[in-house]
Every structure is written in structure tokens, then in C-alpha cells.
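Okay, so here's the structure we're looking at.
Every chain is named by a letter (A, B, C and D) in the order it is written, and numbering of its residues begins at 1.
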Amino acid sequence: MYSFNNDYSEGAHPKILEAVLQSNLTQNDGYGLDHHCEHASQLIKKEIGREDVDIHYIVGGTQANLITIGTALRPWQAVIATDKGHINVHETGAIEATGHKVLAMPSADGKLTPTLILQALDHHTDEHMVQPKMVYISNSTEIGTQYTKAELEAIHHICRQKGLYLFLDGARLGAALTSSVNDVTMEDIARIADVFYIGGTKGGALFGEALIICHPDLKTDFRYMIKQRGAMLAKGWLLGIQFEELFQNNLFYDMALHSNEMADILRDGIKECGYSFYSESMTNQLFPIFPDKIVEQLSKDFLFSIQENIDESHTAIRLVTSWATREEACRQFVHTLKAL
Amino acid sequence: MYSFNNDYSEGAHPKILEAVLQSNLTQNDGYGLDHHCEHASQLIKKEIGREDVDIHYIVGGTQANLITIGTALRPWQAVIATDKGHINVHETGAIEATGHKVLAMPSADGKLTPTLILQALDHHTDEHMVQPKMVYISNSTEIGTQYTKAELEAIHHICRQKGLYLFLDGARLGAALTSSVNDVTMEDIARIADVFYIGGTKGGALFGEALIICHPDLKTDFRYMIKQRGAMLAKGWLLGIQFEELFQNNLFYDMALHSNEMADILRDGIKECGYSFYSESMTNQLFPIFPDKIVEQLSKDFLFSIQENIDESHTAIRLVTSWATREEACRQFVHTLKAL
Amino acid sequence: MYSFNNDYSEGAHPKILEAVLQSNLTQNDGYGLDHHCEHASQLIKKEIGREDVDIHYIVGGTQANLITIGTALRPWQAVIATDKGHINVHETGAIEATGHKVLAMPSADGKLTPTLILQALDHHTDEHMVQPKMVYISNSTEIGTQYTKAELEAIHHICRQKGLYLFLDGARLGAALTSSVNDVTMEDIARIADVFYIGGTKGGALFGEALIICHPDLKTDFRYMIKQRGAMLAKGWLLGIQFEELFQNNLFYDMALHSNEMADILRDGIKECGYSFYSESMTNQLFPIFPDKIVEQLSKDFLFSIQENIDESHTAIRLVTSWATREEACRQFVHTLKAL
Amino acid sequence: MYSFNNDYSEGAHPKILEAVLQSNLTQNDGYGLDHHCEHASQLIKKEIGREDVDIHYIVGGTQANLITIGTALRPWQAVIATDKGHINVHETGAIEATGHKVLAMPSADGKLTPTLILQALDHHTDEHMVQPKMVYISNSTEIGTQYTKAELEAIHHICRQKGLYLFLDGARLGAALTSSVNDVTMEDIARIADVFYIGGTKGGALFGEALIICHPDLKTDFRYMIKQRGAMLAKGWLLGIQFEELFQNNLFYDMALHSNEMADILRDGIKECGYSFYSESMTNQLFPIFPDKIVEQLSKDFLFSIQENIDESHTAIRLVTSWATREEACRQFVHTLKAL
């Protein structure tokens, strides 16, 4: 039974584990104040082409989201996201638990637009309503789509104009930046977003997200919030070591590219069989729509999750590939599908 | 300039003020532990036909909502409401500030239904998502519509079946129960809801909502929460006195009926002129749709709020009548409208 | 049975009720946007000798405290108070419920000092600990003591030096400012505090506290927080009217003076009998220490609360006088005591 | 420069790393639903002699504390701890950030007692004050002391009697259970506490705490809270693998014993030199009091933290040993001290 259930079913790239192993008995300062973290941050600053940022390493994405949003917003402020946004659906109300409303704007393709942002602003005009102050987008999105540079620039522009912080959830940023249709660079991201993170968990690390704060307002006392929310790893260098590896020798991009290439095999095979997709994803998450019978058959050999029942006889499933996905498993999936 | 802006533009029914005046120099126990509150509760228990309830008096509706929901829910639980629900739109994220997500279900007529409740449940299935645990409805609703007894019974039934608490916001319960199409009694409400409140602020008191807790789970330690959220009025008997008056000699219903009758005059007049409405309200909030030009003209003589731009030349406005609305003001509005 | 239980056992000064009555049927804008509030604020600004402040009217003290502190602090920041501080003991954790720690410094006389503030700062030095950012003091204090001008200046100075906001809880500010040993003016308060409130509830109004924000940082979007926490009274002019009366014709001070004079009678009588006090209060709260037997006897004719068991045979009780306390009741208390 | 700064300066026991490495490319279910976690829980259940518990693996101690306390308490409830409690001092107000007050009872030896618990209860008697509902103790404590079985039984007894949950923070439980004066077993802990955790981070794992819920009330929906607070590790099997290793072949205890033995060397040497201690610790945290001059000298060769200035010329420092502490470093420390 091969799993396409998600992109965190395996451990980490062997180089990362090796680096952890190597430093195991060396004494380090705790809480991210070590030189692995320091060095990783230098590498990332080089990668994004900016020195004037603060970088923090957080174990997981939900933490990164709730700490960032909880720090950026005053108690009566809200964050705008799509209805499919990870913070809106799949974090058990983590943002609300920090006291803030998520203004979820309906979006068929999982992407936010200036129009949707303006709609949210238009409906929140005085002190009887929450005050929108941050925009949250994911790239790639929760349904595998991705933003073009022009789209990101437009969102950036409207945020600047309206005094909104722009937060980019990059849990799957690698997949976005290495997809075949991408025209965005890491430098673009760091110029466009006020704060963003580069996902390690879904990008081939054991765990960890590198949170990069560009906007000066968001930098102050940030470590207090990390500690308070229980997100300051005692042995913080474990995060630093992993991001050192990720941003040496192109490892981060190579792994993301592999995940996309594995998805390409699946996508091409599924298209050849004539099936359509729930979303137009060119990244490592695919949402093919199959007759229920096919879904049932496939589930005998492969693990995957159900996205949505499309009609009474069709279902969109979710297939996810990763840095560790084996090519023959993808080919086998296509082979099985064709044989059904 | 006459105001149809809301139903809390004037003070209180003279009888209520008189009663406050009468008791002014009598010493009372504080914090709602006085015998006016005790007596008011006896009157309300008689009115609702139940003795096995706890009754608390709260200064305002937002407090009543946030305290009730904040007490009923565990940290990861959510409340289901319509997208037009007062808690979803007009309380500045008060519920989220207690840590809880409002699951806002789109509803054109402002009413929740078993179907919408089931939809919310279907989308929240495991620990990656919030857990719906309470249903919040308003009667009359935020757009003036009201529930039939059958509709309330159906919601009650689904809540029982699914283990959801049912909370009825009765800020305008008087208007609902005295409208010409109503088939619900106060006793019905107390049987159908697990917790509800009877609105004084919008019902002719200076301020105050009587919160009635029917479900035993919600009773424990409730006064702690009232105090913690700053909603325990030091001179609590001021609330008791007002509800004593409201539930003596039918005053509560008489005032609500007056507000509805004043709305009837407006509604009939507007219909005669051939205008349509944004919602089918038979209560004291009306949402006529007028050409923008008419809106502009009316606003020279009357105060009211804008509900929504319907299209590029039409706007739905909100007209609210109250216990204090003068009949000649309503007739004047119709007269003005007809003359335009 | 006469009650010295607190200073909110009666309603309001007749002039206040009369003013409420007078305006009862006039239509007003809601939520504190009316001209009574506007006018009251002009009167208060004149009283404090500053125009550059924002004034908000809040129904009760716990609300005023939690909204002010919740607005001033970022999530990881804390407020310094004495261990006897109202926010530390008697608000059911209202401040913690907004997410903030109260750093309670032991203080025998209920007053905070620069030394205690510095101690709190010394113990909170990095991101593993909360960050003190506000100082909370009450004048008069919870045990009836009061600050001298020099003491307030010293606290003000240390706050400025250390970047701390200074918040003065004036629930009983009238009693402090009219006590026989007072050397502080309302203008001093408004110069020394960054934010403070003038208590109406305990000062002869039906309810209401006038919150005065001096520091620009604390002004932004304050009404959002008021609304979110359920503290925005729909019929807000009821607050405005009351403070109009309080700050016309010296009514606020006259009532406070009366409460102090009544306390003087009690204090003198108790001293004459040779009893000592738990605290050196020259305001309207007295804490005489009596043999338990005396306490028992007194409780047959008078209502009061128990402050603390001093030893196995002595108890400190709390006697509170108010604007409404009758002179003969005080004389009767002394008479009864002398006869025991 | 050798560090006695803490017990989390090195990585993990080689056996743990090896196990992580071995399973690296095996596909696992995420979020702790894998069979490594399942197996680790079987091992722990055997170790504690109870099957009727729920076990969850959490990355760090602050998370474990805030999730457990946040789940156990209703909004108005509080947790009793010592003033030295980790939750009171060193978690940046994490508990308050969940809305709950920490009732910090002064304790010179860092241990809570029935007397202190009763004091806390005596001071919190009605709805104007928070309601104590949980007791938090650490074993070993934050200053290295530890509870005897009799002491734990007494606390357990008072908690049962008063309806309080008992939560034991076992971040350094290994050090307590293997110290030379210990008379408590893991089975005792699981019988005495309603919920507790076994510390991996400070016990030789890369990270992770095994949280064991004994009381049925605390079990319901616990995973929702873990997810909401960002503490559900995507690759949860990394936690399972580590606890599998810790509870096979006595590894957990062997490592803790080593840390204690290293502390014994330091303690004996310091005592020989005639110095006294800030606390009577027989575990892996020592708090010797040295003349400031000695402290300065020692700091040239060793890293350690300052606990407290004892008087103007003496300072208590903190020395911590761990599973990885080298014996020669301890001997060197003593050697250096003797030479000063």
C-alpha cells in the first residue's frame, strides 16, 4: 500500500539526518540562540536577497501561523483569507483561539485577489465590526494552485494602499517556486510579503518552518510570543541545522522539484485517461475527479484522502507527492488507473 | 428629523423609570442578589411556565452572547450561526475574542435550518477542524424575519439529535412574539431553547437582557463568568426592577406590539407605493428597497441606516420602530414617500 | 438593619435621576455618540485642565479595567499591581482572561512604590518571562489608603523612565480627592496618569465610569475594544447625562465629601473606643479591628463585610460609607459600639 | 568552556538517533497516529502499571503545560502552583495567555503542601474571585528538590477531598525518580496524579514529553486542543520512536541516573569546599552559593546561569548536569573550585 496521503509521510533527506547526527554531542546554546540558526539565517538572507529581516525557526505551521497573526493583530483586528485557507479550515480554530476572526472569502481556485480583499474591507467599516488588518495567502495554495508574480504584486499593492500586512504561508513554497509554470523567485516573495515562512516539514526536513519577518512593525519582541505559545524549541539548533542543509547546494529546491516531477507523472497519466481535476494544480497536490468506483478500486493499492464529493457518483481525491516519493509508485498508480 | 435608526433611541417606558425612582434610596444587596431580581425571576418563570431555570440579568446583548457562548463551549468548540447573525457581524469579533470560531452559514432570509446545521456538521469531522457544539439563532432575526414554531421545533430536534446546545438571542423577542404572523409562545421558547434571553434594551427598558438558562450543563458557576467579563452590575437591582415592570401587566408585550403596529403602518404605506423589500419582515425592522434618489430625499427628514446597495441605482435601507415610535411620525414617513 | 456593606447600596443622587427622567423621550444617537456624552466630556476636560484626551464612558469598573489593560498590552506583556489590587483579587481573573499576567507585588498598605515597580522589572528580564508594560494603582486604594502627590509623582517618574504606562483606577477617586489629608487635584491625576477613570458607580451615579485616556498610544481604535468586550451601552447617553450632572455644580465632590465625613464620624467613634485599624484610611472605607464578640454583636444591627481574621480572637471588618449614608446611622453605629 | 547551563545542551542518546535514522524512509501515518506512538504507549502503560490512561506526545514542556491546563480549566478557574513554578515564572505567561490565573503560593523549597493549597482555597470563596480547580507541581522541582511519597500522597489526598485536579510536571521526572533519596515509583506517580508528563527533552531525547492522562474528565477531545495550540507534530512518529527507545532497556532511567551521579560529584566537591546551597537538591540541578569573586573565576571556564543574588557579596548559581555530562568535566569543576 503506497501512500500519496501527504508530503510528510517520511522522515527527512539523508543529508539532514547526517548533519543532525554529526553535531549530536556538541554543546549548543538553547532556544535558537546557537550558531547553526545564525548560519542558516545567513544562508536564507542570501537566498532572499535581504539582510533587513528577522528570521525565526518554528517547529510547525500552525504555530507559525498563530504566532505571526497573534503578534500582528490588535485584539479587535481580523485576518482576511480564502474560505479554503489552512487557518480557516484545518487548524481547529487556532487563530480564533488567539482571539481573532478569520474573514473567509469564497474562492473557487483557493487564491485571494484584490477584489476579494476590497470586498472584505467594504463590509467592515466601523467599530461594530472587526477591523481587517492582515491578509493571509498560501503559495502554493491548499488546493495546489499557485500565484503568478503579477497576482502577488497586485495583492501587495492593495495591502500597501489599505494598510494591511501581507502574510504568506509557505508551507509548500518550494513546490510553488519549482513548478513548471512558476514565474516567482524567493527574492520576489521577500519583497512582496511583510512576513512569510519557508516550509521545512513538507519540504524534506524532519520538521520546521523558517519564518521571515520583513516588516519592522512585526519584529519587536517576537521571541516573547514564540516562547509564550510553546513554540521555542529547547534544542533549537535542530532547526538551524536542518535549514543550513536545506539552503546549501540547492537541496530545498531539488527536493521540491522532485515532488513536482512526481506529480507531473501522476497528472499526465490521469489526463491521458481523460479525467478532469477539481483544481488546476501544477504543484505536488493533485485533485483528480474520479467515478466513485474508480476511487474504491484505487484505494485498494494506494492511500490518499477524499477532498469532496462532486456529485452522487464522482469524488475528488487528493494525491500528494513529496521529496521522497518514488517514481515507480507514481508509474504504478497510472498503470493501475489505466487498467481499471 | 425623526429617527427610525433603531429601537433604542429613547429611554424607557415611564413606568420603568418610576419604579427606579421609587426604590432609589432603599438599600439593596449588590450584584443581582437583591429581591427585585428575585421577584423579576419569579415573574419570568411564571411567564415561561418553567421553574427549573436559572435567570441572570445582563446589561447588554453582546455581553449576554459572549458570556453564554464562552461558558457553553470548550476551547476547541464552535458556534453555528447564519452569516447575518449578530455575533458574526456586529459584535466586533466578541465571540472570537473568547477564543471560539463562529461558523457562519449563508442564509438569505437570516434564518438557520436543520439543513444548514447538518452542512456545518458535515464539514467538521475531526480534530483538525473546530467542533461545532452550539447553535445560535435570533428571533426575530437581524433582518426582521421570524421563526415559525415548526421551524424552531425542527432546529430543536436536530440539536438534540446531534448533541448541540441551542441558544436563542431574543434581543427582539418581543417583536417576534407579537407580530401578526407569530405562532410561538414564550413557553415554547423556554421548551425549545437550552438558553435564551429576553431583550430589554430593545424592548423598552433603559438597558438589560434577562438570560434564561434551561439546560443544566450551562448553569454551573455562571455568575463567575458574568463577573469575569465585567457584566455583573454593582447596582444589579436596577435590572431587577426593570424586568419586574416588564413582566407585570403585560408591559413587555404591549410595548413590542406597539413597535410592530408602527412598522405595519410603514410597511403598508411602502407596499402601496409599490416598493419591494430586502426581507419579508413582519416585525419592527423593515428593509425597503428604494431608488437611490428616493433614499436621498427621505434622508432629509428621517434618520435611518443603509442596509445594502442592491444594484447601481437601488438601495435597501433599514427602518426600525420601537415602543416609543410615534404614530404620526410613521404616517408622515408614508406621506413623504408618497409625495416623492 | 443598616448597611455599611459598600458604597453602591443605593441608587443615584436625585439630580441624576431627574436628568435621566427629563431626557427620557428625546431621541438620541446610540453607543455614546450623543451630545450628552459630548457635553460631559467637555465638563471633564475643563475639570482636568486638558483638552488632548479621549474620554469614554463605561458601565462598570471591571470592564474599564479589562478593556484598558487589554488594549494597552501586547499578548506577552503584564501589568504590575499590588497583591491587594482589585484586578488581582476581585475581578475573577478578568485580566488573565484577556491573556495577561498580573504581577502582584506584596504591599501592606495597598500602595505601589517605585521600589516595588523596580523589583518587578528586575525579575522579568528576557523572553522566558512576561514583559511588564503597565502599572496599575488605585486611588483611593482597595483598603482605603490614598496616595500623596509626591508618591504619585515618584511612580509617574519611574514609569516614564522605564517605558511603563501608568493606569489609575479611580473607582473611588472622589473619596481620595476629598479626604482631609489629600494634596492631589484632578489636574494632577490627569498629568500623572497615562489613563485613569473617574468612578461614578461608587460616587453617586446609577452606574458608569469615565475613562480618560491621556497617552496617545492608548487612544487608537479604543471604541473597537469597548464594543468587542460588550461594554458599549446601546443607550450611551444614560452615561453622558450622569456625568454631566456629576461635573456640574460640584456634585461629584460634594457627594464624595459626604461619604468621607460619614466615615470620619465612624472613625472618630471607633478610635475613641480604643480600637485600632487594619489600614490607615482617611477615606470612606474603614477597616477597624474588633474582638470577634464585638463583631458578632454589631452584626445584629449593621451589615458589613469581613476583611480578614487578624488572630484567633480578632477580626478586621470593612465599613463603607457613601454619598447616601445617613449621619444618624453612623452615630447609631458609634453609639452601639460604645454600649458594647 | 564546558557548559553546566542546562540539561538540553546536547542532542539525544545515540540509540535514539539510530532509531530515527532506521525508520527514515518508511511511510508513516501523521499526527501521532502511527504505530511507533502506539508501541511507545504500550511500553509506558506497562511502566506505570495502568492501562486506563490516554497518552499523547508533545514536542515541549510549555506546550504540555498550557494544553493540559487550558483543557482542564473552565474560563474562570485557576491553577495553584508555587511562586517558583515553571508556569508561574518561565513560560512568558503561557497559562495566562490561555485565560487562566496562576495562584502562586510562596514556597522556599519549591514544593507545594496541603497547607499552601488550603490557603489558596481559603482566599477564593465566591464569584468575585477565580475558582481554584487544579494543582500544579513539578517533580523534581524548579530548584532541584523533590517530593517524597508521603508528600505526594498528602497532596493527592487534599486534591481528592477538595475536587482539584492534580497535574505533575515531570520535565525532570527521571532525575527525581533516580535520585539517591527517592522513594517514589513511576507507578506511584500514575496513581497519585490526574495527569502528568514524562520529560524527554531534558531526559536525553531530541525533544518530546509523554503526557499521561489518568483522570477520565481530562481525556475527552484532547487531540483537538493539541492541534489547536500548534502542538500536533506532523511527523508524530518521531516522538513515538524516541519514547520507544527511552522505555526499552531502562534507557530513560539510566540516563537520568547518570545525570544525578554527575551532580553528586559536583555536590560532594562543593560541600567539601565548605559552601552551602540555595536549595537541598539531590537531583541534577545544584544551586551552590559562592562569593561573587569565585563566581567570576568559575565563569572563565564554565557556563552556568545565575539564580539569585543572596547578599551584596554572594550569589547562588545554577549548575545542571545531564545524560551527556562528562565525568571529567565535573571533576575539573571541583578541581578548579578547590584551587580558587
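Methods note: a contact is a pair of C-beta atoms (placed from the backbone, for glycine too) under 8 Å apart; a residue touches a chain by one contact, two chains touch by 3 or more.
Here the structure is a predicted model, which is why all the values come from computation and not from measurement.
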> Based on CA centres, what chain would you say lies at the far end from chain D?
Replying inline: B
>> When I count C-beta pairs in contact, which pair ends up with more: C-D or A-D?
In response: A-D
> If you average the Cα atoms of chain A and of chain C to get two centres, how far apart are those centres in Å?
Replying inline: 50
>> As a quick test, compute the distance in whole Å between the mean CA positions of chain C and chain D.
In response: 42
> Using mean CA coordinates as chain centres, what's the chain A-chain D distance in Å?
Replying inline: 34
> Which residue numbers or ranges of chain C touch two or more of the other chains?
Replying inline: 75-76, 91-93, 97-99, 127-128, 130, 224, 227-228, 232
>> Please output the residues of chain A touching chain D within their complex, sorted ascending.
In response: 2-3, 5-6, 8-12, 14, 17, 20-21, 23-30, 59-67, 91-94, 97, 201-202, 206-207, 224, 227-235, 238, 324
> How about chain A: which of its residues touch chain C in the complex?
Replying inline: 70-71, 74-76, 98-99, 127-128, 130-131, 221, 223-228, 232
> For chain B, which residues count as touching chain A in their complex?
Replying inline: 75-76, 78, 89-93, 96-102, 127-130
